[in-house]
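Naming follows writing order (A, B, C, D and E), and every chain is counted from residue 1.
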C-alpha cells in the first residue's frame, strides 16, 4: 500500500509541474508560487477546520496523514490461519492454554479477545465488549476521515474567497489595462491552490483512510467471529470453512493449494 | 475545545484581512466594506432561515453559537469512573444508598437514571425512559445544527442574488466604461460575503455542534449501559471491563496505569 | 410559528427591494420587472412540477403553502397532560368511561385511538392501526414537502434555460454594441427569478413543512405510546414519568413547578 | 394523472417557445434549431446511457415513457372494498369459494395471492412469496427510474461537452470578430439542449415514475395485509378498520358516508 | 449486454467526432488533440486514484473495465430451473446424490452450496457461510465500482486544474492579443478531456458494473433461498412457486408456457 500512495502523491506533483512547463515554459514556474495566496488558501482552510473540531481531534486528524504512508499489516489469510491455530490449541489443550499463546500475538484486539475468553467471560459479554471496541475504533477512524473531507471542502471555498478578494481589488483599479491580465492571473492562483489542496491531497488521503478503515473493520470482524467460535468450542474445520468465506477467490485458491489434502493444524 | 474554535474563527479573520492587504494594500480595505451588501446577504439569509423555522427554534438556533465557545465537560474516563464508583456503592450498600450519592452528581441525565433505579423502576422502563430522553436531546441538537446548515446554504444563495442585482444594474448603465470595473467589484462583494458567512461561520459552527453532539450522545450511551448494569447488580469489575471498551487506546493506557494492580473501588 | 414565517417571507422581500434601491436607485426598480421572464421561469418551473405529479398531488402541494401560515397547535405539555388525565379516568372509572370523554377531544388521531380502546380492540391491532395511520399522515406530508423541493430545484433550472435563450438571442445580434449590456441584463433576470423562487419561497416553505411534520409525528408518537399505556392499565404516575422524557428541559421545569408536590390527576 | 403529465410537458414547450419569441422575435426561432447540436447532446447522452445498461434494460427504460401518459388504476378505496368483499365471501362460503371470484379480478397481484390462499399455501409462505413479488416489481420500477435519472444527468454533461467543442473551435478562429457572437451562440445551444433534456423531460418523467411506483407499492402492501387477514380468517369489520387507516382523511370521509350505519358486505 | 456497452462507448466517440467536424470542419480535429493536456488530465486523475487505493485494488479496478465487455451468464430462468432440478434429485435420490451432480455445475457459488449440504453442514451454518460469501463478493465489486466513481470525480477536477494552469499562463502574457483566443482554447481542452473521461468512460463503466453486481447479487440470493429449501427437503413445487416470484412478468409467462400443464421435473 505504502508504494501506491507515495507514488501517486509524487506523480501528481510531477504531472502538475509538467503541465506548467509545457503550457508556459520554465519562466512560468515562478508565476505559480505566490506566498500570500498560499497563506490565504491553506491558512483559511486550516483555520476553519481548526474551528470545526476540538484541538485534540484537529491534531489527530493532521497526524493521520502518516497512516497513509504506513503499510498496514492486514493479511486476511494470516489472520484466519492464526485463529485456526488458536482453535486447535483450545481444542487440544483447553481454553486456558491460550493464555500463554496470547502473549505472542501482535494484534492487540485479538489478544484482548483471547484474554477475555481465558478469563471465562460470558459469551454474550465477549461479543458486546469486542463489538463496542470495534465500534470505538471505527468512530475514531471516521473522525480522522472527516477531518480530511472537511479540509478538502474548505480548500476550494477559501480558494474562491481568495479569488473574489483578488478580483474586487483588480476591478477597482482597472485604469491600467496592462495590469488586468496579471491581476486576474494572481486572483486565479488561490482557486488553483484550493483545487490542488482538495484533489491532490485531501481526497486521496480521505479515500485511503476509508479503505484502510474498511479493511481493518473487516479483519476485526473476522476475529470476533473466530473468537466466538473458539469460545463455543467449534470444530477447527468448521471454523476454517466459516472464515474461508471471507477470502477473495484468489486468496482462497492459494489457501486451498497450501492446505490441500491434509487437515489444518 | 474552547480554544480551538475561538482561535480558528479569529485566525480565519486574520488570514482574510491579510489576504486583502497583500493583494490590494491598506487603501483596499475600504472596498470590502459595503453596508448595503452586508444588509442584502446577511439580512436575506437570516430572514429566509427565520421563515424556515418557528420563532422558538430560530432563537435557540442563533443562541447555540455560544455552545461553540463553551468547553463541554465530556471526559469519558471521569464518567466511567463515576459509574464504577456508583456500582461499588450499589453492590456494598444496596441500590437505595445511591439516592444520597445522586444529589452530588452534576450530570442531570445520570442523576435522573440513578433516581429511577432507586425508585425501583422496572428495568425495561428505565431503558425506555433513558433512550427517549437521549433521543429527545439529540433531536434538539439536530435542530440547532440544521439551523447553521440552513444559514450556511442561504449565505451563498443570497450572495448570488445580490450579485445578480448588482450586475443587472451595472449592465443597464454601461454608457460610462470607467464605472464597469467598480460596479462589478461591488456586485461581487455580496458573493464574497455569502461565501464568508457559509465558510467562515456556519460550516465550522455546524461541524463543531455536530462533534459535540456525537460526543455527548456517546457519553450518555455509556451512562445508560452503566445504569442498566448497576440495576442488574453486575460485578463492578465486569462493568469496568465493559465500559473500558469505549476508551481510546491512549485513555485506556492512562486508565490502566492509574488503576494498575489494585481493583477499582 | 405563524409570525416567524410571515415575518421572514416579508422581510426577505424588503431586503431584496432595499438591495435594488441602494445599488441602482428608484429608477432601477423597473429593470427588475420583466413579465416574459416571470412567465418563463415561474411558468416553466410550475409546468415541470405539474408533469411530475398527479393533478391531485399537484393541487395539494400548492395548497400546502397555507399550512406555513397556520400556527399548528402542537403543545407537547398539553398533549401529555391530556393523556395523563385520560389514564386517570380509565384507572378510576374503567376504559368505557373514556368514550364520553373522547367526544371532547379536538385531535382526531387521539380520538380514534381512544375509540379503538373503548371498542376493546386487541392491543397489537391498536398499535398496528395507529402506526399505519401515522405512516399515512407522514407520507402525505412528504409528498407536499417533495412538491416544494421539486419546485425549488426547477426554479434555478428554468432560470438558466431562460438566461441561455436570452444569451443566444443577444449573441446573434451583436451588431449594436450598446444593446449588449441591456440584453445581457434581461438575460440574467430569469436566473435571478429562479434563484428567488428557490431561496425566497421554496426552501423556507419546504423547511417549515418539514419542521411541522417532524413536530406532528413526534406528538402523535407520544399519543400512541400513551394510548397503549392506558390500554395496558399502567399507573398514571408511570405514564407521566415515561412521557415527560419527551419534554425539553425548559418545558420539564415548568411542568415540574406546576405539578410539584401533588400527584397528577 | 394522465392529464397532469401530458399537460405539464406540453405547457413547458409552450412556455419555452414563448420565451424565445418575446426575447428574440419570430426570426429568432431558427437560431434555436441546430441539428448537429441535437445530435451531439441527445446522441451523446443516449449512447452513454446505452453503455450503462444492458440492451434489455435500456429498451425497457425508453419504453417506460409511455407509463407516464397512462393513468394507473390505483384507487385505494376500490382496492380496500374489494378485499373486504373477498373477506366476506371467505367468511361465509369458505376460502375455496374465493377461487371462482379470483377469475374476475383485474389485478394480477391480488389474483395470485387469492389463488395461493385457495391452494392452502402456508401463511408464512404466502407472505414470503407476495413480499418477493412486490420487491421484484419495485426493483424493475427502480431500474426504469434510474434510466431517466441517468439520462437527466447525462444531458447537461454532454451539453457542456458540446459547448466546450464549440468554444474551442470559435477561439481558434477569432480573426473575424463578427463571428464571435454567433459562434458563441451556437456553442451555448448544446448547453441549452442538455438543460431541456434534463429539466423538461427526464426529471418530470423520473418523478412521475417514482410517484407511480410509491403508489403501487402502497396499494400492493395493502393487498398483502388484506390477503393475510383473509387467510387468518379475521372478522371483515376488523379488516375494514385495519385497512381504513391507509385512507387519506378525505377518502375516509367519503368512505364513512358511503358505508355509514350499515356494516360492509 | 456485451453489445450495448461496446456499442454505446463507440457511438459516443462517433457522436463526439461528428460534433467537432460539424462545428469546426476537418481542420479543427487537430485542435482537439493536445498531448500535454492528455497527460495532465488523465495522468493527474489516475495518479490521484492510485494514491487513494492500495496497489492491488488499483490494478483490480483498472482491470474491471474488461467486465463491462463480457456478457455475464445471468439468466434467472435457467438458474431457477437448475435449482428445481437439484431439488427433484435430492427428493428422489437423497441429498448425497447431489454430490455427483455438483461436479457439472458451472457456477462456483451454487456448487459450494451443494457441497456444504452434501457434507451435512448445519442449516444455520450453510446460510451464514453463503451470506458471508455473497457479502464478500459484493464488497469486492463495490471496490471496483468505487474505483470508477473516484476516477470519474477526479477527471473534471484535474481538467479544471489544467485549465487554471493554462489561464494563468495566458493571462500573464496578454501582450499579444491574437494569442488570447488559441491560448484560452488550449486551456479549455483539459476541461473537455476531464468531462469526457467522466461522462464517456467512468460513469457508464461504473453504472454497468453496478447493474451487473445487482443482477449477480439477486441471482445468488435466489440460489441461497433455493439451497436452503433443498436442504430443508421442501417440495419441488413449493420451491418453484417461491422462486418464480423473482421472475419478471415476461419471463414468468414464457416459464408458464414451457412448463404448462405438467409438473416440473
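The rule we apply is simple: a residue touches a chain if its C-beta (ideal position, glycine included) is under 8 Å from a C-beta of that chain, and two chains touch if they have at least 3 such contacts.
Nothing here was measured: the structure is a model prediction, and the numbers come from that model.
Centre-to-centre separation between subunit B and subunit E, using Cα means, comes to 41 Å. Chain centres here are Cα means. That of subunit B falls 25 Å from that of subunit C. Taken chain by chain, the contacts form a single closed ring in which each chain touches exactly two others. One closed ring of touching chains is present, and its order from subunit D going to subunit E first is D, E, A, B, C.
Those residues of subunit C whose C-beta lies close enough to touch subunit B in the complex are 1, 3-5, 7-9, 11-12, 15-16, 18-20, 22-24, 28, 31-32, 68, 178, 180-182, 184-185, 188-189, 191-192, 195-196, 198-200, 203-205, 207-208, 211, 218, 238, 241-242, 245-249.
Subunit B makes touch with subunit C in their complex at residues 36, 39-40, 43-44, 47-55, 57-58, 108, 116, 121, 125, 128-130, 132-133, 136, 139-140, 143, 150, 153-154, 157-158, 160-162, 164-169, 171-175, 186-187.
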